[in-house]
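Once you scroll down, you'll see the structures, which are given as structure tokens.
In the two complexes that follow, chain A is the common piece, with chain B as its partner first and chain C second.
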Partner chain A sequence: MILLAAKATALVVVFVLSVYSLRHFFFAFHRLFRPQRMNYTDLAGFHMPSVTVLIPMHNEEAVAHDVLEALLEADYPHDPGLLEIIPIDDHSTDGTGEILDEYDARYSWIKPLHRREGRRGKAAALRAATRLATGEILIVFDADYIPGKSLLKFLVAPFADPEVGAVMGRVVPENTGSSLLSRLLDLERAGGYQINQQARNNLGLIPQYGGTVGGVRREALETVGGWNALSLTEDTDLTLQLAIRGWKVAYVNRAECYEEVPVTWAVRRRQIERWAIGHTECLRRYLWPLLRSPYLSRKAKLDGVLLLGVYLTAPLVLLGWAACVLLFFSGQSFLPALAAFFLASTCYNAVGNFASFFEIGNSVILDGAHARVRLLPLNIANFLFSTLTVSLALAKYYGGRILGLRPPWHKTERYRNGNGNNHAGGNGNGGSSGNGYPNGRGLNFIRARSIIPGSPAS
Partner chain B sequence: MAGYFSLLLLFFLLLSLNFYFAFWEWRWPKDDGPLPVDVEYVRVENYFGISFRAKMKEWLQTARPIPHPDTRAGESPVRAILEKPNGERILLLSGGRFGGREERDELVYSDGDLYLSDRAIFHREIYCLGNLQTGGHAQLQAVAADGEILLGAANEVARWVDAQKKILLSRGTVVHSRVCSAEAIELEPEASAQLLYAPVVFTTGYRPMPDSAHDGEQEKGLLAVQAPPATPEKVPAYLDPARCSRLGANTWLVRGDLELPAGSRVESSLVVKGYLRTGPGCRFTEPVKAARVKLGPRNRVCRSMASGGSIEIGESGFVGEILSADANILLCAGVRVGASSALAVVSAGGEVRMERNVAVCGKVTAGRAVLAV
Partner chain C sequence: MRKGRWALRRKVIYPHKSLRHMPFRMGLLAEAVSVAAGADLLLYWQLPQILHWHTRVVGFLLELAEVPWEAGRQITLLPGVTAELVRTSYLDYQDHPLYPWYFLGAAVLLLAGYRWWPAPLKPVLLLIQASLAVTFLYLQLVSPSVPYSPEDFCAIWYRGETYLWLLLPLLFAMCYFILTVPFWMKLSWLCLLVSYSFLWSAVRLALALATFHHFGSLWMPLFYFVFGFLADFLYMVAFYSLAMDRAAVFLGKQKEVWQ
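Then we have the complex of A and B:
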């Protein structure tokens, strides 16, 4: 009976992982060889609706100056009727509130919101700020992001299409040289955006609104009842709700923005725990409405199901390994042991593990960063870490559900300007002093680096 | 058993080879910096022209003069030849007629009006401080002028054309990249480019005030963005309640095709999943999208129109802001897009075809080509 169950489990795991592998290969080949939908890029600067930029902040004094200064330099018209910035001081206990008040005093179109009561967390903060916002389009940045001068124009351009409910830009890690983990995450992000998101956009599937470096049409947000303050991943929640109700999510590869990625495995663990639980909650909430939506094509529904179920592959992989070991040592393999060993390892590399690596490798080549592709095999460490972490997180989540507990919300730590432990590490005078870890570089560093000799900017 | 271990050893050797390079890159990184994102980048449509002019000024200061037979002859417009440190040469002209049947590999700088002969071939960029005119069948690399540029019939430009004043692309001329003017661009039939940008881009037969339907006051009225009406409770008369649903407070979605009768007035945003066809004289005050669009004559789209397929704007139609299609766009005779006070964009993944007397204030761009027909 146990062996039969092991065989059934192994077959299911092979089938599910094969589907995901084929998806990775299909996206990569489509991105490489098929026509790309980039036409929204041509509209940048010609469609300029009223925009409200929302920046949730909880104890962000180390990075608050950089994001606000970068937005002050945005080439979107600084007309109070067209551009409004609402930084949200969400229960901060450091100097974030005072920094925001300084900007409030200097610029009429920066209107901070100080929250001292009510539920804490990004979704709740966004929900509160949306009530005050006057823009037709709401753009969201996390506090550690550094938007470029033209980013707002690129992000709002797709909203000229009345079917577009949300837009997502590309996130590029800035602190890549900080640790092995940050370099591996850089590779992972490249694959996720350069290949995966762009291919989904090309194919008319469901690109994911990622909660930052993105925007949502206010009208669309209102039809889904606003930000879901109960969700740990309000971005996935919103993506699914919009898609189910017929709105499109557009991805703009050209709308690039720097972010900080986790430098330590402990911070990474908390981040993916939150994503795994939030995603799985969305699966529970939206799987059935997604399948029944009259607005989505069959291929979009399939993509939606695979998107929602992606974190369940981690425990499936573990189950599959356990089943294979059991079958192998009980002599249940259909092939001679030696052949099975090599076949399994080859298949694992060629079909399972290799598919997502293939996607990452292609993205690195598209980005013209060939040297870093050599690091790719080490991504196996990231893969193993994620598989174990997600499996444990889901076990905790389902255990908590049985006991009626709600998962807590953890803020991802910041590293810039000596803020490695997320304590108030700012230098007091704001901006980028560069006194953090070697790669904890802020706006001034990035600005200096981006000036290319001979260009008009120089 | 020995075979088993030999194979196992071979397997691990091959596997470790992967990790050898990875380990090397980890411990002694060659590329651990962030991907370059130019945070200072600001989109400038005539970037090539601006950048080339700046570089030419720099080269003129750093290049050294060299003797050349042409300069001694006294008949050639070449008054000097400069050589850049990398060996490239710049011909300094004082204007006049230049270029015969021979091919020229030098950069050209002219401080007067310049006329390039029929069938002239220039493999490098040309910068003219005055007006520039070419004969028929000339082949150019790229051209910048501070005056007008008149490209003769069947010219071919490998890269871009940039002028401070008007640009004319004569019949059959092809520009493989951008054409930018600070004043206007005219396209004769069969002229094509990949992108055109100017305060007004027009085809032969364009009249700034062709008829009363396009007078300034009316265009202003069309461009005025109206406040969205209060949420309508009922399905608008032009929609079939069985096939439509509300996407948002002011956006209707239609499943399948939609055919609007002449004179229809659509006051909410509209998304049609099928083919949208309209009769003459319809008016859309909010953005519209359809899988495929064919508008009848004299339709007015006050804001933007998008399509996952193709768009055809009927005769004397008007679009106020943005016209965007994944496939092709056809602008029939008399169509106007945008206004001088609010530049617009026409963008197609395939081709944009412009018939006679079509004017676009702003940018026209296509994945394959913008073509005057």
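Then we have the complex of A and C:
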């Protein structure tokens, strides 16, 4: 009986992982060979609605200057009726508040919001800032992001289509040389955005609004009741709510924005723990509404279910391995299933939004890069790390639910400008303490890279 | 109002010719399928010789490792494809009862240093320790030996590798032959991958049998799970990444000046 259950478990796991593997291959082939949706990019600079940029910040003095300076250089009209920036000082204990006040004094269209009371966290901060925002479109950036000059124009262009509720841009890591992990995450992002998100967009599925480098139409946000302050992943929450109510989420591959990816495995662990729990909460909350939505096609629903269930594959992989071990020791090597299982699980090679090896390889070619693809086999470390981390996080989450505990919100640490431990306050803007992974590549580094001979900037 | 194909609102906008250069071509998918089918046919035809050669290499490596071996039974892997197994022996833990404890002690010592291991290696090292610990418990509590003889292990290995060899050309061709790089370049990488696969399989099998002979069956699940199919997939991805790197360099040189 136990052996039969083990065989059945192994086969179910093989089936689920094979579905995810095929999904990755399908996306990649579709991205490579089928026509691309141009995504309203021709409208960039022609459709310019009023925009409010929201930047939630909690102890972000190491990076606050960069994002604000980059936005000051944006080529969106600096007319208070068209552009408004609300940086949100969310219970900061470092110098973030003073930095924001400094910008407030110099620019009338930068209107900081200082939060000292109420629930902490990104979704709560966004909820408070949205009440003050006057723009028709709300664009959100995390504090460690550095938007390019034309990014706002590309992000708002799809809103010319009244069916579009949210828009997502492409995230490009700027600190890839900081550690092995940041290099691996660079590969992950490339595959995830260049292939996965673009293919979903082409197929009319549900591209994910990622909570940063993206915008949402205020009207759409209001129809879904605003940002969900109880969610650990307010971005996935919003994506699902919009899709269920018939709003389109568009992805603009051309709208690239630089970010700082985690440099240490400890930071990465906390990040994916939060994603895994937030995603799984969304699965619990929106699975049935998604399946019943009259606005979504069958293929979009299927993609939505697979998207929501993606973090459950981690404990499934462990369960499959346990079943295989049991079969092995009972003298039934169960070879075809085992072989298929290992091929499928490794081929899938992914937990969360991590792309499979094939997507990554192709994205590197499409991006015109080459050397970094040689790191691809090392992704096995990321795969095993994510599998264990996500499984433990979900176990902790379900244990906490039984005890009635709420999962905590962990802020991702920043490394830019010498800030290596995220206490930020000690180092000002050029400190050097930390844990050995300084990232000196701020706005100036991006500027230096983007100067083209003959352009006004040079 | 026009509908369907001639509707005013187009589903897609075909890019300007300056944007049409793509390093991937759909037509090459047919080439990929043809090459994979051809390679599989060739492999199937040559499998008996390949397996014979494989056994000879394993035997040679076992002699180098001073492991006595003899030809074992013949098994049928596929219709018309048989392989001769290698028969070796385990270290008998009844004669050396302390050996499993030594390995368990080493694993526990490694676990004590878990905090200082490089983070990306932690899960891999943990897999090795978990495999040793589970097998140790099995040997202590359930049975004094694992349910497979080295010859059985050899049979399992040959079966798995044979299926994998037939799958490799399909996986690699579908992933790589769709690129607009010269055919000889793609074929060279495929041949290199398949040849490496034969050789690496023989080396790993010999290593596994030698380990069982010198250190006992405690190590069998490790070779089965971690250094088996998982390792196979790793080198496939490694070859793919190197091939993609070379292809990207080639494609970079082909770019037109205006780009």
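Convention: the second predicted complex is superposed on the first by the 415 of 458 C-alpha atoms of A that agree within 3 Å, B and C clash if a C-alpha of one lies under 4 Å from a C-alpha of the other, contacts with A are read in each partner's own complex, and residues count from 1 in each chain.
Convention: a residue touches a chain if its C-beta (ideal position, glycine included) is under 8 Å from a C-beta of that chain, and two chains touch if they have at least 3 such contacts.
Note that this is a predicted model, so its numbers are computed, not measured.
Placing chain B and chain C on a common chain A by superposition gives a clash between them. With both structures placed on the common chain, the touch criterion links A:Gly361 to chain C but leaves chain B unconnected. In the superposition on chain A, contact is made by A:Ala369 with both chain B and chain C.
Touch criterion met: A:Leu378 reaches chain B and chain C at once.
Contacts of A:Leu72 after superposition: neither chain B nor chain C is touched. In the superposed pair of complexes, A:Leu180 makes contact with chain B and with chain C alike. Between chain B and chain C, B contacts the larger number of chain A residues. Once the two complexes are laid over each other on the shared chain, residue contacts for A:Val305 go to neither chain B nor chain C. Residue contacts after overlaying the shared chain place A:Arg37 against chain B and chain C alike. Applying the stated contact rule after C-alpha superposition, one finds that A:Leu388 touches chain C and leaves chain B untouched. Using the contact criterion defined above for the overlaid structures, shared-chain residue A:Glu219 touches chain B, although it does not reach chain C. Put simply, of the chain C stretches 7-15, 61-69, 115-123 or 133-141, the part that bumps into chain B is 7-15. Shared contact residues of chain A with chain B and chain C: 35, 37, 42, 180, 338, 342, 369-371, 374-378.
If you check the complex, the residues on chain C that touch chain A are 11-15, 22-24, 26, 29, 119-124, 126-127, 134, 138, 142, 146-148, 156, 159-160, 163-164, 167, 174-175, 178-179, 221, 224-225, 228-230, 233-235, 237-238, 240-242, 244-245, 247-249, 251-252.
Chain B meets chain A in the complex at residues 4, 7, 11, 18-19, 21-26, 29-44, 47, 50-51, 54-55, 245, 247-251, 253, 255, 269-271, 286-289, 304, 306, 308, 321-322, 324, 326, 343-345, 347-349, 362-363, 365, 367. Residues of chain A touching chain B in their complex: 35, 37, 39-40, 42-47, 70, 75, 146-150, 153, 160-163, 172-177, 180, 183, 186, 190, 204, 217, 219-220, 222-223, 245-247, 256-258, 294-295, 338, 342, 345, 367, 369-372, 374-378, 443, 446-447, 449-452, 454-457. If you check the complex, the residues on chain A that touch chain C are 25, 29, 32-33, 35-38, 42, 180-181, 264-266, 321, 324-325, 328-331, 333, 335-336, 338-339, 342-343, 346-347, 349, 357-358, 361-362, 364-366, 368-371, 373-382, 384-385, 387-388.
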